[in-house]
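There are two complexes below, and they share chain A, which is joined by chain B in the first and by chain C in the second.
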Partner chain A sequence: MRIVLQELKKILNWKIGLLLVLANAILYFLLISYHIEHFPNGRPALDSYRIGIEMVEKYGVSMSEGEKADFKETYEQRLKDADEYIQSRVDFSSVGIHSYQDFQDINYENQEQAELRNKVVFEENVDLFWELQERERLIEFQNENDIIMANEMERGSSQQVATLEEIKATGNYYIYPELVFYNYKDFIVNVAIAIIVSVVLLLSPVFIRDRSLRLVDLQYTTRVGRNIFKRKMIAGLLAMFMVITALLAIYFSIYSLNNTGMFFSSPINSFIGGFHWYDITFFQYIVLTVLAIYFLGFVFALLAMIFSNLMPNFVALVGIQIPFIIAMIGPGISYLIYQITALDLSQWLVPSGYVLIIVIGSMFMLFVWRRERTLDIVH
Partner chain B sequence: MQIVKFECKKALTSPIILFLLLLFTAYNILIVSNSSDFNKELHVANDVANSYGVEITDETLLKMEKDLQEELTHLNNITEEKAGQSFSSAGEFFSQLTYERQEKYSEDQLDSFYTIYLKEMYLDTAKHIDESYQKIDIKELGENNIQNYGLSGAASESLSKQYEKFGNRFDEMKRNMEHKRWFFAGKVYSMHSQLFKQLFLPIIFESIILIVLSTALITNYEFENKAHLVTYATKRGRRLMVDKLVASLAVSTILSVVLLAVALIVYFKVFDYTHLWHSSISSAFNWETNFPYVSWWEMSFLQYLVGAIALFYICMLLFSCSTFAIAVLLKNSYFTFFGFIAIFTILFMLQGFMPKSSNLIFVTGFNLTSLVLNPHQWFMASNGLLVFKYYEVITVLVAVVVITILFVFVMKRFNKQDIV
Partner chain C sequence: MLVVNNVSKNYGDFTALKNINLEFGSGVYGLLAPNGAGKTTLIKMLVTLISPSKGEILYNGTDITSLDEEYREVLGFLPQQFGYYKHYSPKSYLMYLAALKGIEKKVAQEKITELLDKVALSDVANKKMRKFSGGMIQRVGIAQALLNDPKIVILDEPTAGLDPKERARFRQLLTELSRDRLIIISTHIVSDIESIANEMVMIKNQELLYKDSVENICNTLDGAVYETTITNDELASFRANHVLLSEKQEQSKMLVRFVHKGESKEDWTVKNPHLEDVFLYEYRDDLSLGV
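Showing the complex of A and B:
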C-alpha cells in the first residue's frame, strides 16, 4: 500500500500536472468552449430553448392529446398577438401587410416587403416572430411523428421494429425540442477527447521513467521484487480514476452554466431527431456517457502503460500511440460515445465494441506482466 | 560529416519512425484511391485543352461549337435509328433517358454520348465566363466579409484597403485573360481542393508528426540514453548540437520528401493532368464554391504546384528548427513533443482571441500554423481574412526571425549549462 502511494506521488508530479492543465486549457478553448459560450446559439435556437422549458414546466416529460391541443392553442394565441402587433405598426400596413399570414406570404420580389421583413426579424429581433417560427416547427413534428415512425419501422430490422413498437406505445417521441440533447452530445464527445488525451499524457511515463533512470534494476532485487510492476499499474489506474473524476467535475460544473437541469427527467426518445435503443431519461443518458468515458479512460490507461513498458524511448512511446488516438478521436468516439444509444446502429455493436477493447487491453496487459515476470533485465 | 551521418541513423533506423512513415503513406494512397471514382470523366478537360489549346478564345470556342454540332449529328444518327428520336443537345438526351430506354444503347455509345454531354457543359461554362465574372464585385465581397467576421474600426478599414488591392489584381487578371484557360470543372470535381486540401493537409499533419518525433529523438538522444556525460566531454563537445541540427534537417528533408513524393506520384498516376499543366490556377473552371480561386500572381498549374511544394518544404524545415529549439531547452522528448503541439495549437487559435476592431486580428494571422493549415489558399487573393499579397513570404520571414532569435538564446544557454 505504501509503495502504491509513493508510485502515485511519482505519477502525479507537478510537471505532469502543468502539462495536463495546459493541454486541457487548449482543448477546452479548441473544442469545448463553443458548446458552452454559444448556447443557445442565436435564433431560433434561443426560442427553441425557451419553448422547451415552457413545455416541460407546463406539461411534464410527456404530452397527452389534451396537452398537445393546449400547445396548439397557445400557438393560436401567440398568432393573434402577432396579428395585433402587425396591425399596431404603421410600417407594416403601409407595405400591405395586415396579418401574420400576410407576413408569412411575403413576396420576396417586393423590395419594400422583403426589406421590412429583414429589418423586423434580423435587426429588431422581434421575439414574437422567431417564437412563432419555432412553434410551427414543433407542431409540425407533433403532427407528423407517426409518419416518421412509420417510415422508420419500414426500414428497420425486426429487433429495431420491436423497440420502435415500444416507443410508439408511449406516444412520446419527436415531441420536445432537441437543442439541449444535441448540445450535450457535442459537449460530451469533446470532453471525452480531452479526457483520453489527458489519460495518455498522465500515464505514458509510468514504466519508462524508472527504466530510463535504471531504477528497475534496484527495484527488482528488493523483497517486493517484480511485483512492483503490479503496484505501479494499480497506482496508474488510481491516478487515472482521480484525474478523470477531477476533470469531469470541472467540465460538468462548466456545463451547468448551460442550465439544462429541467430536462433531466425527460426520456431521450421524447426529443426530436432520432430514436434510441434504451428507454432512459436524459439524466440517465448523462450517467451512461460518464461511465463510458471511464471505460475509455481505462482502456487508454492500459494502452499507455503497456507501451510505456514495451517501448525503448519516449519518442517511440509517443509515436506508437498516435495511430490509436487518431483512430479513437476520428471514427471511434463517434460510435462509442456520440451514437452510444442510437437505434440506427445494431444493438450489439456499441456494447461489443466496449467489451472488445477492454478484453484486448486487459489481455495485452496480462501478456506484458507475464513477459515482465521472466524477463532478463540485465541484458 | 561522419557524425551527421550517425546522428541521422538514429532517427532513420528507429522502427517507430519507419512504421509511421509506412502507415501514413498507406493512408495517403487510400485518400487518393477513395476519391478516384470520377477519374474516367477527367479526360474530357484534357481532350478539350489538347484539341483547342489551353487558352480559351472566341475562335476556338466557335470551332469547338462546330465540332460538337458534328458529334451531335452522329448522336442523332444513332438515336434516330434506335428510338426514332433526335435531340438538340446531349444534355437533352440524358434528361429524357430512363432505365428502359437506356437498354437500347450499348455501353460504348452511352459513354461517347456522355463525353459529348460533358463537352457541352465545358463549352457552356466557357461561353459564360465573361458574364459570370462581370457579376463579381470585389468591393462588395470585402464588405460582406467585414460583416461576416463582425469587424469594425481599424480592422475593417485595413480589410477594405486590402480588398481594393485585390480588386486591382482581379482586373489585371481579367485583362491577362488568366481566367480563360481550360481546367477541370471545379463545381463538379473540385480538383483544386482535392489535391491541395484533401491530400496536402493530411500530408502536412503527418509530416509534422514525423519531423517533430525524429528531431526530438536526435536532439535529446544523449540525455535520454545517459550518454551526455561522455559525448559532451569529447573534443567536439557541445558543438555536437550543430551536427544534430544538420542531421535533424536532413532527416526532415528525407521524411517529408518521401511522404509527399509518394502521394503526389500516386495522385498524378490516378488523375490525368497531361494537357493542363500550363493552364492557369486562376482559371474560371477552378471555381468550386461561391468564388473562383484567384492567385496574386499569374501562375500556371505547374508553377502553383511547384510553389506549393517549395512552401511545404520550407515550412517543414522551420518546424524541424523550432522543435530543435524546444528540445534543447527542455531536454526531454516527451515534453518537447507536447510542447510543440501546444504552441502549434495556440498559434492556430490566436486569431480568434483578438479583438475584432483592431489590426491585431490580421497580425496574429501571420504565423506558421495558420499558413500551413490552408494549403489550398496559398498564394491566393481569395483568402478570407488574410488578403495580403506577400502573406506567405512575410509569414515565413517572421518565423525565420523568431526561430533565429530562439536559437541564439537556447544555444547560448546550452553552451554554459550544467548538464550533470
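Showing the complex of A and C:
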C-alpha cells in the first residue's frame, strides 16, 4: 500500500494538476460552456423550458388524458389572452390583424404586417407569441404520438417492437419538451471528452517518465521488483478515479446552474425526440452516463499506461494516442454516451461495445505485464 | 554465496557474454574490463535486469530467478546511471526506495539518517536534489544501495563523478562494509579497487580472462615489465615494437614503461608489475595502445 501511495503521489503532482486545470479550462470554453451559458438558448427554447417546468409542476412526470385536455385548455385560454392583447393594440388593427388567427395567417408580402410581426416577436419579445408557438408544437406531438409510435413500430425489429409496446402501454411518450434532456446529452458528451483527455494527460507519464529518468534499473532490483508495474497500474487507476470524480463534481456543479432538477424524476421516454430501451428516469439516465464515463476513463487509463510502457519517447506516446482519442471523440462517444439508451441501435450494441473495449484493454494490459516480467532491461 | 554457472548472453547474432563461470563468497570483488567488454551485461544479469540466454546464476544453491523477491531483498545495487526525481530531497527519495525495498517506515527513517551521515549528506538531507553536483548524486546512489542492509552489494562504476576525497571516503566505506558481505564493484578505473579488492574478475572478448587475487594476476606479467629511458626521436619506433604501458617526460628524454616477453636489454630495468600494467597489456587492442 505504501508503494501505491508513493506512486499516487508521483502521479498527482502539481505540474499535472496545472496541466489538467489548463486543459479543462480550454475544453470547457471550447466545448462545454455553450451548453451552460446558452441554456435555454433563445426563443422558443426559453418558452419550452418554462412550459416544461409548468407541466411537471402541474401534472407530474406523466399526463393522463384529463391532464392532456387541461393542457389544451390552458392553450385555449392563452389563445384568448393573445386575441385580447392583439385587440388592445391599435397598430395591429391598423394593419388588419384583429385576432391571433389573423396574426398566424399573416401575409408576409404585406410589408406593414410583416414589419409589425417582426417588431412584436423579435424586438418587443412578447412572451405570449413565443409561448403559444411552443404550446402548439407540444400539442401537435401529443396529438400525433400514436402515429409516431406506429411508424417506429413499423420499421422496428421484434425486440424493438416489444419494447415499444411496453412504452406504448404507459402512454407516456413524446409528451414533455425535450430541451432539458438534449441539453444534458450535449453537455455530458463534451464532459466525457474533457475527462478522457484529462485521464490520458494524467496517466501518460506513469511509465515513460521513470524510464526516461532511468529509474527502472533501481526499481526492478528492489524487493518489489517488476511487481511495481502492478502497483503503478493500481495507483494510476486510483488517480484516474479521483480525477474523474473531482472533474465530475466540478462539471456537475456548473451544470446545476441550468436548473433542471425538476425533471429528474421524468422518464426519459416521456421526452419528445426518441425512444429508449430502458424505462429509466432522467436522474437514472444521468447516473448511467456517469458510470459510462468511469468505464471509458478506465479503458483510456489502461491504454494511456500501456502506451506509456511501450512507447520509446513522449513524441511517439502522444502520436499513438491521438488516433484513439479522435476515434473516441468521433463515433465512439456518439455510440457509447450520446446514444447509450437509444432504441434506434440494437440493444446489445452499446453494452457489447463497453465489454469489448474493457476486455481488449485488460487483455492488452495482461500482455504488457507478461512481457514486462521477462523483459531484458538493456538501456 | 553467488555462483555464475556457464552463463552466456546473446542478442540475436551478437554475443555479449560467453560461457562465464564464477564463484563469489564474502569479500570485495573487482570486475575490471574496458567499456563494452560485457561488464554491464554481467552486472545486469547478477541483479536480475537481464536473463541469461544460457546457464544459471545461483544464490546459496538456488536460481536467483526463482528466488525472485527473496533474492532482491538481500541485494543492493548501484547502476552505472541511475535516475532520481529532481524535486525530491535525498530523504524523500530514499524513503521512496525504502518503500520499494519493503523496509518499514520507522526503520527506514533511522537507516536513512545513518546512511546520509555516512555519505556526508546529512546537511542537505532535506534539500531538493535539483542543485546537487554529480558527486553528491552518486553518494545518494551509494546510500540507496545500502538501505536494506544488503548481503550482496553490486556497484557499477560507483566512483564516477566522485572527487579524490570522495573516492577515498568511498573506499573506506567499502572496507567497513565488506565483512560478511559480497561486494562486487565493476569499474574500468584500476586504482579504485586495486587496494580493496580481495579478488579481481577480468573479462576479455566476452569471456572470462582472470578471476584471481591482485597478486596472482600481477604475477602473469612477472619479469616482463620494464622501464627505460629513450630519446624523443626513438619513441615512435619503440612504440611500434613494444607494448607501452606509460610514457613520462624526464628532462629532455622519455621514461617509458613497457611489457616485453623475451630477452631484455642492458639498459632496461625490470619492474614489479601492477594491476594497471596487466589491465593495459591485456586490453591493449581495446584501448588502442601501440604495440
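Definition applied: the second predicted complex is superposed on the first by the 378 of 379 C-alpha atoms of A that agree within 3 Å, B and C clash if a C-alpha of one lies under 4 Å from a C-alpha of the other, contacts with A are read in each partner's own complex, and residues count from 1 in each chain.
Keep in mind that, in the parts below, a residue touches a chain if its C-beta (ideal position, glycine included) is under 8 Å from a C-beta of that chain, and two chains touch if they have at least 3 such contacts.
If you're wondering where the values come from, they're calculated on a predicted model, not measured in any experiment.
Novice: Using the overlay on chain A, decide if chain B and chain C clash or can fit next to each other.
Specialist: They fit: once the shared chain is superposed, the two partners occupy separate space.
Novice: Based on the superposed arrangement, let me know which partner A:T374 touches: chain B (first), chain C (second), both, or neither?
Specialist: In the superposition, A:T374 contacts chain C only.
Novice: At the CA centre of chain A, how far apart in angle are the CA centres of chain B and chain C, to the nearest 10 degrees?
Specialist: 80
Novice: When the two structures are overlaid on chain A, which partner does A:A23 contact: first (chain B), second (chain C), both, or neither?
Specialist: In the superposition, A:A23 touches chain B alone.
Novice: Name the contact category of A:Y338: first (chain B only), second (chain C only), both, or neither.
Specialist: Neither chain B nor chain C is touched by A:Y338.
Novice: Give one of first, second, both or neither to describe whether A:Y34 is in contact with chain B, with chain C, with both, or with none.
Specialist: neither
Novice: Report for A:F324: first if it touches chain B alone, second if chain C alone, otherwise both or neither.
Specialist: neither
Novice: So in the superposed three-chain picture, is A:Y354 touching just chain B, just chain C, both, or none of them (first/second/both/neither)?
Specialist: Once the two structures are laid over each other on A, A:Y354 reaches no partner at all.
Novice: According to the stated criteria, A:Q219 is in contact with first (chain B), second (chain C), both, or neither; which is it?
Specialist: second
Novice: Just checking: does A:I228 make contact with chain B only, chain C only, both, or neither of them? Give me first, second, both or neither.
Specialist: The second partner, chain C, only.
Novice: Please give the nearest C-alpha separation between chain B and chain C in the three-chain superposition, to the whole Å.
Specialist: Between chain B and chain C, the shortest C-alpha distance works out to 9 Å.
Novice: Could you pull out which residues of chain A sit against chain B in one structure and against chain C in the other?
Specialist: Common interface on chain A, chain B vs chain C: 214.
Novice: What does chain A use to touch chain B in their complex?
Specialist: Its residues touching chain B are 15, 19, 22-23, 26, 29-30, 201, 204-205, 212, 214, 311, 313-320, 322-323.
Novice: Within the complex, which stretch of chain B touches chain A?
Specialist: My answer: residues 14-17, 19-20, 23, 209, 213-214, 216-217, 220, 224-226, 332-335, 337-338, 342, 345-346, 348-349.
Novice: Give the list of chain A residues in touch with chain C in this complex.
Specialist: 2-3, 6, 10, 210, 213-225, 227-228, 374, 376-378
Novice: Which part of chain C faces chain A closely enough to touch in the complex?
Specialist: Answer in residue numbers: 11, 44, 47-51, 68-69, 72-73, 75, 77, 79, 81-85, 96-97, 99-102, 105, 144, 148.
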